[in-house]
Amino acid sequence: MLFQVRMDVDLPRDLDPAQRDDVLAREKAYSQELQRSGEWAHLWRIVGHYANISVFDVESNARLHEILSSLPLFPYMRIEVTPLTTHPSAIRTED
Amino acid sequence: MLFQVRMDVDLPRDLDPAQRDDVLAREKAYSQELQRSGEWAHLWRIVGHYANISVFDVESNARLHEILSSLPLFPYMRIEVTPLTTHPSAIRTED
Amino acid sequence: MLFQVRMDVDLPRDLDPAQRDDVLAREKAYSQELQRSGEWAHLWRIVGHYANISVFDVESNARLHEILSSLPLFPYMRIEVTPLTTHPSAIRTED
Amino acid sequence: MLFQVRMDVDLPRDLDPAQRDDVLAREKAYSQELQRSGEWAHLWRIVGHYANISVFDVESNARLHEILSSLPLFPYMRIEVTPLTTHPSAIRTED
Amino acid sequence: MLFQVRMDVDLPRDLDPAQRDDVLAREKAYSQELQRSGEWAHLWRIVGHYANISVFDVESNARLHEILSSLPLFPYMRIEVTPLTTHPSAIRTED
Amino acid sequence: MLFQVRMDVDLPRDLDPAQRDDVLAREKAYSQELQRSGEWAHLWRIVGHYANISVFDVESNARLHEILSSLPLFPYMRIEVTPLTTHPSAIRTED
Amino acid sequence: MLFQVRMDVDLPRDLDPAQRDDVLAREKAYSQELQRSGEWAHLWRIVGHYANISVFDVESNARLHEILSSLPLFPYMRIEVTPLTTHPSAIRTED
Amino acid sequence: MLFQVRMDVDLPRDLDPAQRDDVLAREKAYSQELQRSGEWAHLWRIVGHYANISVFDVESNARLHEILSSLPLFPYMRIEVTPLTTHPSAIRTED
Amino acid sequence: MLFQVRMDVDLPRDLDPAQRDDVLAREKAYSQELQRSGEWAHLWRIVGHYANISVFDVESNARLHEILSSLPLFPYMRIEVTPLTTHPSAIRTED
Amino acid sequence: MLFQVRMDVDLPRDLDPAQRDDVLAREKAYSQELQRSGEWAHLWRIVGHYANISVFDVESNARLHEILSSLPLFPYMRIEVTPLTTHPSAIRTED
């Protein structure tokens, strides 16, 4: 089941540099693990923003919330979720 | 070069049924031709809306405008364009 | 899987009265059939508005879109969809 | 009498951890007590947000304000209240 | 139980003049009947707008919706409802 | 001359408790003095918000600004002012 | 008593040309009469818009509403009213 | 050349009182100097707000920016600029 | 003096085709005449929109309003005007 | 390939003055280097704002993101990106 998710990051300026490096490293590792498992199907940077547009392919709403609320950057992000489904004119339905 | 495009369709209620069928058939054919050529990379339906979220892979802004303004449904759509680029944490960069 | 859906109805003033009665009767029948099947879990009127707030319990995004886009009033409604999941403090999880 | 209430939580980053644990524990206990009494009729998590959508069944506006303003998280939440009533197409009116 | 209600009127320009006069006369009569019964507690014009701000004193949400949806101008108005309660600093609580 | 005023309070979390108690006590006394003089004609709490909706009956814009800018909570409030006048359908014009 | 008023005009495209000329001529005459009496203190065009920003000097809210709702263009305008008063740094208070 | 300018002031709560007094005194002096020179043509307080609506009469955009960015309160203000011109129905064009 | 102007075109669907062709031809001729004179300094299409972003170089607000309100498409456009001036980091000031 | 970019700067009040001077000097140098290379094609100040409107001429979305995210002021700016293309009525296409 597909969802578009937009994440805008707003890291506090006074975040401890070591803590900042740590949270970013964990975010990257976690994101790549989910990309390899196939649940984080697409991940793009928005030009000019510290933000991404992603597509998730998960088995349920509950699983999507589990993934998003476990993101190391979750406390520092504004998130928008848009449920998607197959478009009748799409020639590929694998995603 | 990647762009996310959201299109919300608002067909006038008094559109002639034959004209309506014609514009929808041409829209579908044009969309599928662009999907086959690879320029219309992704196409999803937004749940509960007469709208889609798409990703285009084009060589220039000019080409993207040519594609969008040639859509048979162009006069009946509200369009939002968001330029994308590769995300540093993405493990695949083919799209 | 749960989704909150808000529907605001805007019937055109010049809709043929017979067509209007027909679409409203079909909407009611369809809504009640889905309530009986359990997919349309809750349905409330918003005070002062020709609008409702509903909760749907469906097996997938695709099924939710099928239900919503098949509503007889679909062409005359503005719809907002919000994915829900179980709250950690909820004492009942049946809904 | 039914009201939909949406609550978005924004805990200050510098809240003392002990105070934070305390306020969250009291919020949960208070919420569950009101669920058991039947006044907090429904409670759902919004996917991707530190927020909930709830339905309250109370005897008056005054009682709803008493409940909401007594929430331990009240100083840290943005709240929206929408009065509801029975929908003429609803097949169940118990809620 | 008190509610503030704001009503913005937008009469279609092509409304038949006789129908227009009729709906306005019925609106006035209905409004004054409810003012006399005490349920329509306050009614003010907003300067520069074809709109009013009112306060209703009703026994329930259901009654408020019954009143508002029965207004002859209901199909031509945008309505906002705000639940009110007694303010702790108010020296009069009769309203 | 009547004005509707909505005031949303946002007290800084780090306000000194003694200063906070003092400002709230002075606000209450000032508000009740103006209610007794008749200039603060109505005062209601908005359900679920640290906010009020009020109606002022003053002799001029200048007097209304004098009252509002003298509120002890003025530095901590967002204020909206809406000029009102008698509604042609109102049966009472005393307010 | 001073009010800033912004008026945005939106004349229907299908307005009868004679009716259009008549309403515009009456609007101009009425506006100039009020300018001469001193109640319509300032009148400016907003660059690039069919709109004006005005300042009215009237004895009451009621008089301002009487003026605005009598404008021949009133049914075709969106109006915003902002109450003004003397600024403590102003060196002239005649307006 | 005329411009309407709205300025909303938001002084930080923790501004040093001496610095605050100084910036306000310099703002007042600077404003009155520009009023005397004729460039700051009008200055009004907005009722209920720490804000003003002004009209400037300057020889160019560059001069207007020079004036506004030199305001002692500039770092603490949100500013909106609206270009104005003579209205065809205005009976006075001196301003 | 420089102004950025954004124009969004919304041609009515029922515009007579001959009238439509005529207005578009006159718009193009008028725009090119102003480009040649140097007053319409830049003109770009916004990708995916029937809209443009332009920069005008004019001697006054009055001249800019004269230009914009004389555009053949003026009745069918939404226009936003933003006054510009030289940026202190710009290496070229000819525009 | 052309993009309009609007940048609104919001420097934290408590930024160390030396750090502030440094970031502004580096921003200016970087901006002028890109103007000389031709990628930062236009740069204007918005009157009354600590903001600019710019036009970039770059070979790709990726390059635009590289430029913008490398701006020394990037952490302190809100940025909006609008893809542009040649307008069919433009008489110059060099930009």
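Assorted remarks:
For clarity, chains are labelled A, B, C, D, E, F, G, H, I and J in written order, and residue numbers in each chain start from 1.
To be clear about the criterion, a contact is a pair of C-beta atoms (placed from the backbone, for glycine too) under 8 Å apart; a residue touches a chain by one contact, two chains touch by 3 or more.
Note that the coordinates shown come from a computational prediction; the quantities given were computed from them, not determined experimentally.
The set of chains in contact with subunit C as well as subunit E comprises D. Of the two chain pairs considered here, A-C and D-F, the higher C-beta contact count falls to A-C.
Chain pair H-I has a twin interface among B-J, C-E or B-C; that twin, with over half of the contact pairs alike by residue number, is B-J.
Our note on geometry: subunit E versus subunit G, Cα centroid distance of 28 Å, whole angstroms.
Chain centres here are Cα means. That of subunit C falls 45 Å from that of subunit G.
Rounded to whole angstrom units, the spacing between the C-alpha centres of subunit B and subunit D is 40. Contact of a single residue of subunit E with at least two other chains is seen at positions 2, 45, 47-48, 61, 64-65, 81, 83-86.
Inter-chain contacts occur between A-B, A-C, A-D, A-J, B-C, B-I, B-J, C-D, C-E, D-E, D-F, E-F, E-G, F-G, F-H, G-H, G-I, H-I, H-J, I-J. Those residues of subunit H lying in contact with subunit G across their complex are 2, 4, 27-28, 31-32, 35-36, 42-48, 52-53, 55, 82-92, 95. Those residues of subunit J that touch subunit H in the shared complex are 13, 45, 47-50.
Within the complex formed with subunit E, the residues of subunit D that make contact are 1-3, 60-62, 64-65, 81, 83-86. Subunit C contributes residues 5, 12, 61, 64-65, 68-69, 75, 79-81 to its touches with subunit B in the complex.
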